[in-house]
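Each chain carries a letter (A, B, C and D) given by its place in the written order, and its residues are counted from 1.
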Amino acid sequence: MAGSTLGTIFKITTWGESHGRGIGVVIDGCPAGLPLTKEDIQIFLNRRKPGQSRYATPRKEDDSVEILSGTFEGKTTGTPISLMVANQNQRSGDYSEIAGFYRPGHADYTFHEKYGFRDYRGGGRSSGRETIGRVAAGAVAHKILGQLGISFTTYTKSIGPITISSFDKNAIWENPLYMPDMDAAKKAGEYLDECMKNKDSSGGVVECVVTGIPAGIGDPVFEKLDANLAKAILSIGAVKGFEIGDGFQAAKSLGSCNNDSFCQSTEKGIHKTTNHSGGVLGGISDGDSLIFRAAIKPTPSISSPQKTVNTSGENIEVSIKGRHDPVIVPRAVVVVESMAALTILDALLLNMTAKMEGICEFYKIR
Amino acid sequence: MAGSTLGTIFKITTWGESHGRGIGVVIDGCPAGLPLTKEDIQIFLNRRKPGQSRYATPRKEDDSVEILSGTFEGKTTGTPISLMVANQNQRSGDYSEIAGFYRPGHADYTFHEKYGFRDYRGGGRSSGRETIGRVAAGAVAHKILGQLGISFTTYTKSIGPITISSFDKNAIWENPLYMPDMDAAKKAGEYLDECMKNKDSSGGVVECVVTGIPAGIGDPVFEKLDANLAKAILSIGAVKGFEIGDGFQAAKSLGSCNNDSFCQSTEKGIHKTTNHSGGVLGGISDGDSLIFRAAIKPTPSISSPQKTVNTSGENIEVSIKGRHDPVIVPRAVVVVESMAALTILDALLLNMTAKMEGICEFYKIR
Amino acid sequence: MAGSTLGTIFKITTWGESHGRGIGVVIDGCPAGLPLTKEDIQIFLNRRKPGQSRYATPRKEDDSVEILSGTFEGKTTGTPISLMVANQNQRSGDYSEIAGFYRPGHADYTFHEKYGFRDYRGGGRSSGRETIGRVAAGAVAHKILGQLGISFTTYTKSIGPITISSFDKNAIWENPLYMPDMDAAKKAGEYLDECMKNKDSSGGVVECVVTGIPAGIGDPVFEKLDANLAKAILSIGAVKGFEIGDGFQAAKSLGSCNNDSFCQSTEKGIHKTTNHSGGVLGGISDGDSLIFRAAIKPTPSISSPQKTVNTSGENIEVSIKGRHDPVIVPRAVVVVESMAALTILDALLLNMTAKMEGICEFYKIR
Amino acid sequence: MAGSTLGTIFKITTWGESHGRGIGVVIDGCPAGLPLTKEDIQIFLNRRKPGQSRYATPRKEDDSVEILSGTFEGKTTGTPISLMVANQNQRSGDYSEIAGFYRPGHADYTFHEKYGFRDYRGGGRSSGRETIGRVAAGAVAHKILGQLGISFTTYTKSIGPITISSFDKNAIWENPLYMPDMDAAKKAGEYLDECMKNKDSSGGVVECVVTGIPAGIGDPVFEKLDANLAKAILSIGAVKGFEIGDGFQAAKSLGSCNNDSFCQSTEKGIHKTTNHSGGVLGGISDGDSLIFRAAIKPTPSISSPQKTVNTSGENIEVSIKGRHDPVIVPRAVVVVESMAALTILDALLLNMTAKMEGICEFYKIR
């Protein structure tokens, strides 16, 4: 089947592989009348660009986005917005070697089994470059949500064994690992230096906090807000786990501790006094901040020797050449945020039809 | 929007609430020619029935399923299979009290905010009884997968702080908590007794292992097998986390450890020598066992006093009356297994169109 | 695949066959807060009931609907509405004969080829009884549209060669053929008497006029309002053609005649002075009445002898026993109206997200 | 909502407007291993190009397609195929005038009502250029169907009052109107000359015959093959009617005439002796040729004076400047064929999961 389309109302379709002509996304269902320039999108793409620290690939990629359709006089028209980033740094020659075997931890083997052959250049469609389409579309979703008062704080919570122990929002942008704790960032940097020395790589955890979501977003049963978030986040390559609110910790907890009390006050109206739920009850937003985490595995491309099988079916030992990110977590931060924005926006648009009252008022019939 | 339909080819739509006429599911897209009796389904429903141990609600519910359509002469016809379980134990009177306030940890408040009012009887659509439709449909999916050589082992991995430390498959069915470790089951039982004494409740973790899935199932990008599994699992009420393979542990790991080597041998063909991936690479099954876990929060209904707000907006203190499960984890085991079966079957059916070669052979044109 | 689910927001799934336990529909995505009783639905079902004239099957079928879920205190709750009509008149014995051959004009052969076998009792899933689910769901859509000021006039435009030559809305309910012209109805009745005498059957045309649809409903490109109407109408068994506005006549027309002029007046605002378009321009409603027609083939069950093949592959001659409607057009009127209501409602709900302005106003953020 | 995505398995998303950067389509779900070059697609695009006769716009448009992703070493990889045709002939200046009023018969008014403003340059998204994406995707579907033995004959059946009275397949390519009857083509040409002289335009009918479809394709109820065809065809701008087999003629017919007898013979197996059904029974292909027709309205852009309203709400008289096609029917032929190919292919792929037997055989488990 397909697999490259996401969303019901705000629907995106991504395309492109590491070494084709480019990477793109078509956004269908974007509301008309949103002011949109390519700079709005470029800012988000820049957050995932490689070459920004010594912990990320030194490849220079411009990743400059073009708006091919869907805007007129600086505003969205309601028709599909086609965005494209041309691939500039294509050196197919580099990949002749990996054509011959299945890299451990990569999708080489599974693509081959599914499709009968594979575009082996730079991982093809399973390359990290595939996320460009997600981030470009996420930037547009982000802008719409901003107009509705919804905002995101997304950061690296841990790298390998190093976890943040304090939270300073400003610190996020002051270290190349996007950690909200400068001490943890320093230790994580040293840990990554060690990984690189050992020709090894590290995983980590990304956390995302979303504020301003009104209560009532998400649908019961299969289209729960957190269920769709889980899908969106797990659909990012290298993500191996998702949790919302207390997550796996809730499994060890007691009901008396895990339940959040409701409280009424003049300033806040009805609200929860704690947020173990992470902002969702029964799959529907509860008016509190949405808080979730994504577990990201270590970069599978490592230069230390590994055992595998070649395409002739022989057991061999390989070392992945080239320089690779010892950790992809910092570059994944904006991808996680983008997937969350896309999911929340779609749920918000779908929610407009929940009540007869809202529908009648919208169509001004009483 | 909707929210009660799941799947692309094998598509299910569930309906019903705790205190309506019944709970049901329509399976649309079930292949024709599958032998199917109501006993095939009843076996699965019995696994989620309450009243089977002192850790589950003592309500007597027969939960007897009827096949209303879609079979003829004992086989599925390819047309929609409508399954229904009548509600027998409806005592709306019991619920007059909770109509007046929002229970902490439940979906009372969020349903009210979304829809303007709510069916407060027994949780309405957000009741645990909603899972009957999932399990009934899952039983059919399970039977089809069985014919394709795919089987499931699902069990309680932990209850509160008590985690299994050994694995005996037979033990799963020998204790009311469905734990594959009799010692752990005993300790968990004692822990739950303590919870009950304290008018409190516990969470836990369910683990599911699926064997026999061929390599190549699942689609790249948004329809990854693990992404759809994550959605399916998080769509179960009370689930707060999902992880596949090493999951959150992978975030602390090194690439050299987390990568699974490929190996070729005469007996096994190409296979992985370890399974940190949990059976999925790049969102596509890798031929190994699928292994994933679901974190389940403590039952929100507890009889100890809690603070909340009533529907008049006043701060009050409540104790939830009636006897409630101190833990829902054991009853969730079959629900988790059902959601996995539905997800895997749909991916397997979708995979049939991945290659021209397979399509041409199917239509016998060469 | 599936095939029994329709709609994006207001999504219906029908189930059931002629001789199973019953026929039903699940409506998922119905807005909360709509007053709904089973009488609202029964009125529509009564319009498609057999046995109401000598031109319709004399079978007595009660077709009494039950609401199994989705309402509370007389109003819809936003959760799935499950509706069911039990089959009461099941005489499987009657069908032992037709089990052995493929009836001309019916789906016997195609179901057999698709699924490998078929439920031959009364046409199984391809029976006219399948439309009960459509009409029950259509009644709910109709009620919502009524609250938004949208109403339907649907009637028989022609029976065989007899076409209406005048229009009297009240006449529709005064003759068993639902024609808005009593003279034509009389002639059509005589024509049908002749058909019955000849053991033959007749086709006809249903026309539907929908007033009150605001301009702007429907989406460009593939989800045009008329495209979705065409699909909905052609999905009714026995429909062989669809046209909107001038339809096939437009193909013979000139641009100068077919174009509708726009005009501005104080009473009507911007409006069209003619309606060759049938209320749709570029797939989007233009504020005028929606007008479309459905061509319905003659009832395939006729008692005069026909040539066909039996399931052993032998050429045989058959006469279909039992008494059958010489025309199904009058009973199709409410089915056509129902499918139109479902299509228009879904488009109307989807349209709420077309503009940033509307979204911001809905969420009261400026 | 969206609206620019079509299909379940073979899913296409089109983008682009008349005067943006280009027009494109993303095909998601194309099976892997199909040999595909841009020439395969260009041949189809050339069939819809303007400037090929004096009855079509004299604009020179190269409409040269590029494959941006989804192929490797000359074959499809199973990942999204992104196709783009750059717009070369953009003269926005030309459109400053029509920005100020609503052209009769066009979507100017409805787009404005839906989205609050419109890209008025060349019709924007409702331009005929939008069909480029359909035809490019249709070319790929056509190639796959060709490998499965399915082929298309599509032609102009009538122009205004001139209908073909004989059928010579070779003639189709020998006249600029694509009519299979040279005499009719000559008369239709004269009729169009007359239209042009009168600053007027003409409609017409396109007919499509598809051979080689196996019995069993299409699904019962809402996803009938003919229902999806009707939607696909009505989604083409300017189409006002659809009929299959005898279509509207069937409404005037008798059952004894309209029913097709089945017959068994050694050469042909079970087949129908006539084809009033047009190749579909109960929404499922019956093994016979699929035959359907599309009614196309006269080109709305005419240079004779018309009454309309300007964007300030004043009644005005306008003449559309520039030279326009007096008829779009010939250029619509390949668009109709493309939409049919897309619909049939998707149904064919979906059909692979209809029977347990086929699934088990596919996965080689017995």
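Everything below uses one rule, namely that a residue touches a chain if its C-beta (ideal position, glycine included) is under 8 Å from a C-beta of that chain, and two chains touch if they have at least 3 such contacts.
Fair warning: this is a prediction, and the values are worked out from it, not measured in the lab.
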From chain C, the most remote chain by mean C-alpha position: A
Comparison of B-D and B-C (more C-beta pairs in contact): B-C
Chain centre separation in whole Å, for chain B relative to chain A (CA means): 26
Distance from chain D to chain B - Cα centre to Cα centre, in angstrom: 44
Centre-of-Cα separation between chain C and chain B, whole angstrom: 38
Multi-chain contact residues (two or more partners), chain A: 1-5, 8-9, 14, 29, 32-33, 78-79, 114-116, 125, 214, 220, 350, 353-355, 357
Of all residues in chain A, those that touch chain D in their complex: 1-5, 8-9, 11, 13-17, 20-22, 24, 26, 28-29, 32-33, 66-70, 72-73, 75, 77-82, 84, 114-119, 121, 124-125
Touching residues (chain side chain B, partner chain A) in the complex: 1-6, 8, 14, 102, 104-107, 109-111, 113-116, 125-126, 130, 158, 160-161, 195, 198, 200-205, 214-217, 219-224, 226-235, 237, 240-248, 250-264, 270, 273, 277-278, 280-287, 295-302, 304, 306-309, 313-315, 350-351, 353-355, 357
Residues of chain C that touch chain A when the two form their complex: 8-9, 29, 31-34, 76, 78-79, 144, 147-149, 214, 220, 348-350, 352-360, 362-363, 365
